[in-house]
């Protein structure tokens, strides 16, 4: 029994192999693709998506889902921008307020889901509508931020060879992935998340604080989504109520590609980062190609995702059946 | 009873579920240094009492005192802080976590960085040792057998400091050695001053280990007795509410096999990485018993014969034609399987008892010929009364049935289609004595009508009682076949245990 | 002919007057389009692609599916790829500072079309496109001239938060705000869609405000939907209710020539030639005006029929 | 003891919204006769609800199997684009090879077949490739709209075909045709699931897929069936949308309608966790959502508030369906 090829690691392994293969293939096809710059851009450009996906991973691991993350990004982005520009709130405080708001929404959703056993899909769908409504209520115009400290954050980056660099957002992404990994692996909270995803009734009977843990998962997701909004605001130095539309689907796709099962219980935080990279590579490759019309772009993304999922499924079933056969090798 | 305050004292515990008055003012006392058996037929309210006691369900009335102090646990964790540790009926573990993680879940040892995985490993090791389970602590619980899971659950319950230990049918999947090991542990704990509540349907075990017995029936307490003062016969009649002799009428003496031609033949049948070398044939009117240790491959054999898993080696012939079965084709050719893990693979939670019982008949009848509701009621009612399923209202959600009654409903599901061959994997697990005898009598009656069975049970006496022949499995291979004439416990145990 | 700040009146801008810089050199042009959310947008994309092909440039086209982040990613990819010039139609006005600074640092000139990014004036070479505020104003001016007050107006707005919706609403309001005879009594989004426009109009005609005199739609599609709803309600579009919209798509011209639509302010999507000119000049380092605006013309029932045969989109 | 149907709260909410309108929205219940058809807000609701109702009928079955179909909106766009291409036959269209003339029957058939193919594709991904439904249908949600745009070349294909347009704009016996189409589809699906054993099988599959396989239910075929039904429903909805505006808008047709359909299903009392389903509840749920929309449109409420109102209604109905919540509301029994 190979622990290394456990149900948790295998998909991550497959995803990384395929991701590297894709990167190399695109590298041979397009000039300037196989560069550090393109590689590090993956993290800088997808930092907000990655941060949102990390939060969402916790929720999905419990067997739930959070559809509100995309609107939350838009909501926190416009909120942050108006706070800084119109209310003259200092950026650190404004970020704090926005994160608190994300926390509040997550708390409310988590409470409804955990306390009243409402279905996560519906509660967070309502959250999606609500956050977008609030965002549009705050301002329908996009809001430019012009604040020296904020500018400083936005333009901070670590220069790396080949004209590449890692932005503040990318560093934040790595930090969030690190914290997420720590929480899920090394804290009892993380184990409780997995246990609930494995079997909620059992977890309850085993004395796992199911409600608290569930609420915790949605709070993390809410905070991560709000932080994603902050990073998005850094990325564009402006707030926009409609940003993040449909982002929840990208985030779900990233989490799933990263090997987390939507029914909960299996998966990992670093896997989701990998999923984000896969999406980023596909997108970058399509841009480098630059010949696809609008509709072919959609079709090609769909087909690539399909191929990816089928490949993942195929390798997984092959590996699992080999594992099942393994004991017979001894006799 | 005793003048000192009891360790645990329940008074007037009352619990109603929609439509069921599950507990009617139950009084119960548990002393220190006592193993107290809680007995009763399926649906008597044993599990419910335990769940109320440990905060899973809120009581509608009554009080709980531990060492004279009134408590009201709101969840199992709180119960643990009051010193009550519980193993619930039906294994309740996280299948996606490792054995070690399951044992320490919710109370992980920590160091500055978080969970101290080293300490987890050590604690797991000692916990597993206590129940005598040798299993890689890193394996996922979902990957180990139900028996192993049951032991893991017990190890987990023993991992905390508790004054009261509650075990709801902990031995339903264990073999004799494991039970012995468990009992040794329980006795030691008793000596250390613990009070233990023990629910089981195995009367031998009750008499082996318990000091006192409390009998429940229909949510009422019938009485509490000193074990050594209560004859078996009396106990059984307390449990079922009628005299015990009436049970034995279906017992069989001779065992004539009516069939002639074998209609199912398996030769060198098996699946790579799973059971192998299956060689036996089944005639109509025969019961083939499968005996073996835990994990010897009985369940896998049944799954293979029913076509859930597919054989890769050897032949499988039905009516002299080689067959590649899927559950669907198996059913259409008169083969049925009552699965071992009824919660995960058997019942349809959320659907009614009636629907759960007619679904196979409906599959057989084809989808466009719906069995009308009236007909469904008729079929379901027939088997509800045949199997004495409680409560008899078949419109209720099957989830609300007690464990044993769920098992009866599943049996009824198969009996309703009158299969030629029914594979019964642990059909008597978690079933009270009355029902056990009923099921065995039913098997015998149907056998005489020309039906065949494969009968799997961890209780050797049951296997010997019903089988025409016994196929012994060891290490996932069929090693011998014992005829009915030669079958007795020693012979079968010898065959199971033989070293080659 | 495009001029500095002086809107052109030409329907089909050509590049004859400006000398194309080094016509022989093939450029690699990165173009980031917003999406393909409407027929107008598709016509815009097609015009750019056709023109690039005609001139033999290598166009790297990227569709952002309506998301700003996708556009920023695309522009950063273009920079990493080392294209000669970047053109893009920003999905919103704000938020381009950081990425355009990067382009500038990489020495790649940037050209904006469609709407101009705010607070980034020194970061792009020129802006080519229409003025949405102006379009809203022109629609209102047509109304002041042709519809006698007092008038109750129902507004079908575009997608909430989008620049054309915001600007057209603002422009329209700026003109009527001093005129108490004209008031907007109902405003609801039709999200630039024909079907939603129809649904909103249908509801409008049964509600409290069924006696409105004018419907102002932020685009033609919603107006065309509204026309159907009016007909189904047994009224005569263009007579019982005056309908004003923006864009000037082909179907709108048909509707105007039938008298069902009263007025449509043109918003010309055929920017390809102008953008290619600007790209070539930018690479060659030729000075060009900061803003190249299309003159958006007002069409109504009087001149639509005549213009119909020439409409390309 | 008979328990209350799961859709009772949706019905309650619907009555509440209607009562609100009766008092607050003048003329809401006014019904006139115009050209032999009924005309009024209530009729509008029954007319406008058709696409979402169709989608949610199919969606009910999919959700009952523990699945979800996110692609229905894109399928609407595709079938609309196919139908419009066949009618308008614009130059350079990739479907020019197919000439069905003016036959409304053949064109509708083509649209339905488009939906069917999409449904089969989804069904295969879910049942064969074992891809989780949300992800499997997400693929077609993204790519499908691309295909629709490919067919229509990114333009709105408009046409003038009174016969086809009457699918959405005509009326029969005073009621708009979309209403009758929903009635027809609902009846067929109701008969298919409740007069045969398919309903039981679907509920079994959703309740416990492993057990369903163990009792011999052909789960693969069943999944194919439910996704196909949903595809066909979406195909019909797409054609209603196209006929309504006499044009196929590949970019916007059915956009986000999958969410409305899911809401309608769950407000109607079918759990997203699968098992028991209620088609009647779904229809009530769909009508409730549409009544809300129509109310909001009629009253000229700001669009961002629309979102908030929708969110609150969904939460309210969900809460009312939660046994835990109801239990909390009930006054505590005094212990004797």
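Order as written gives the chain letters A, B, C and D; numbering starts at 1 within each chain.
The working rule: a contact is a pair of C-beta atoms (placed from the backbone, for glycine too) under 8 Å apart; a residue touches a chain by one contact, two chains touch by 3 or more.
These numbers were taken from a predicted model, which means no experiment stands behind them.
J.: If you tally the C-beta contacts, which comes out ahead, C-D or A-D?
T.: By the number of C-beta pairs in contact, the winner is A-D.
J.: What is the chain whose Cα centre is as far as it gets from that of subunit C?
T.: Centre of mass proxy via C-alpha means gives B as farthest from subunit C.
J.: Distance between subunit C and subunit D based on Cα centroids, please, to the nearest Å.
T.: From the centre of subunit C to the centre of subunit D is 33 Å.
J.: CA centre of subunit A versus CA centre of subunit D: separation in Å?
T.: The computed centroid separation for subunit A versus subunit D comes out at 30 Å.
J.: Can you work out the whole-Å distance between the CA centroids of subunit B and subunit C?
T.: Here the centre of subunit C sits 72 Å away from the centre of subunit B.
J.: Can you compute the centre-to-centre distance for subunit B and subunit D, using the mean CA position of each chain? Integer Å is fine.
T.: Distance between chain centres, rounded to whole Å: 45 Å.
J.: Quick one: which residues in subunit D touch 2 or more of the other chains?
T.: 149, 154, 303-304
J.: Show the residues in subunit A shared as contacts by 2 or more other chains, in ascending order.
T.: Residues 136, 140, 293-295, 297-298.
J.: Could you list the positions in subunit C whose residues touch two or more of the other chains?
T.: 36, 42, 45, 160
J.: Among the chains present, which pairs are found to touch?
T.: Every pair of chains in contact is listed here: A-B, A-C, A-D, B-D, C-D.
J.: Provide the residue numbers of subunit C that touch subunit D in the complex, in ascending order.
T.: Where subunit C meets subunit D, its residues are 36-39, 41-43, 45-46, 157, 160, 185-189, 191-196, 198-200, 202-204, 206-210, 221, 224-225, 228, 232-234, 251.
J.: What residues on subunit D touch subunit B, complex-wise?
T.: Subunit D reaches subunit B through residues 1, 195-198, 200-201, 203-204, 207-208, 210-218, 275-276, 333, 335-336.
J.: Note which residues of subunit A are touching subunit B in the complex, please.
T.: 1, 3, 6-7, 182, 185-188, 191-192, 194-195, 197-199, 201-209, 265-266, 324-328
J.: Can you tell me which positions in subunit D touch subunit C when the two form their complex?
T.: Residue positions touching the partner: 25-28, 30, 34-35, 39-41, 44, 48, 149, 153-156, 158, 169, 241, 244-247, 249, 251-253, 255, 293-294, 297-304.
J.: What residues of subunit D sit close enough to touch subunit A in their complex?
T.: Residues 68, 70, 125, 129-132, 134-136, 138-150, 154, 259, 262-263, 266, 271-273, 303-308, 310-312, 314-315, 318-319, 322-325 of subunit D touch subunit A in their complex.
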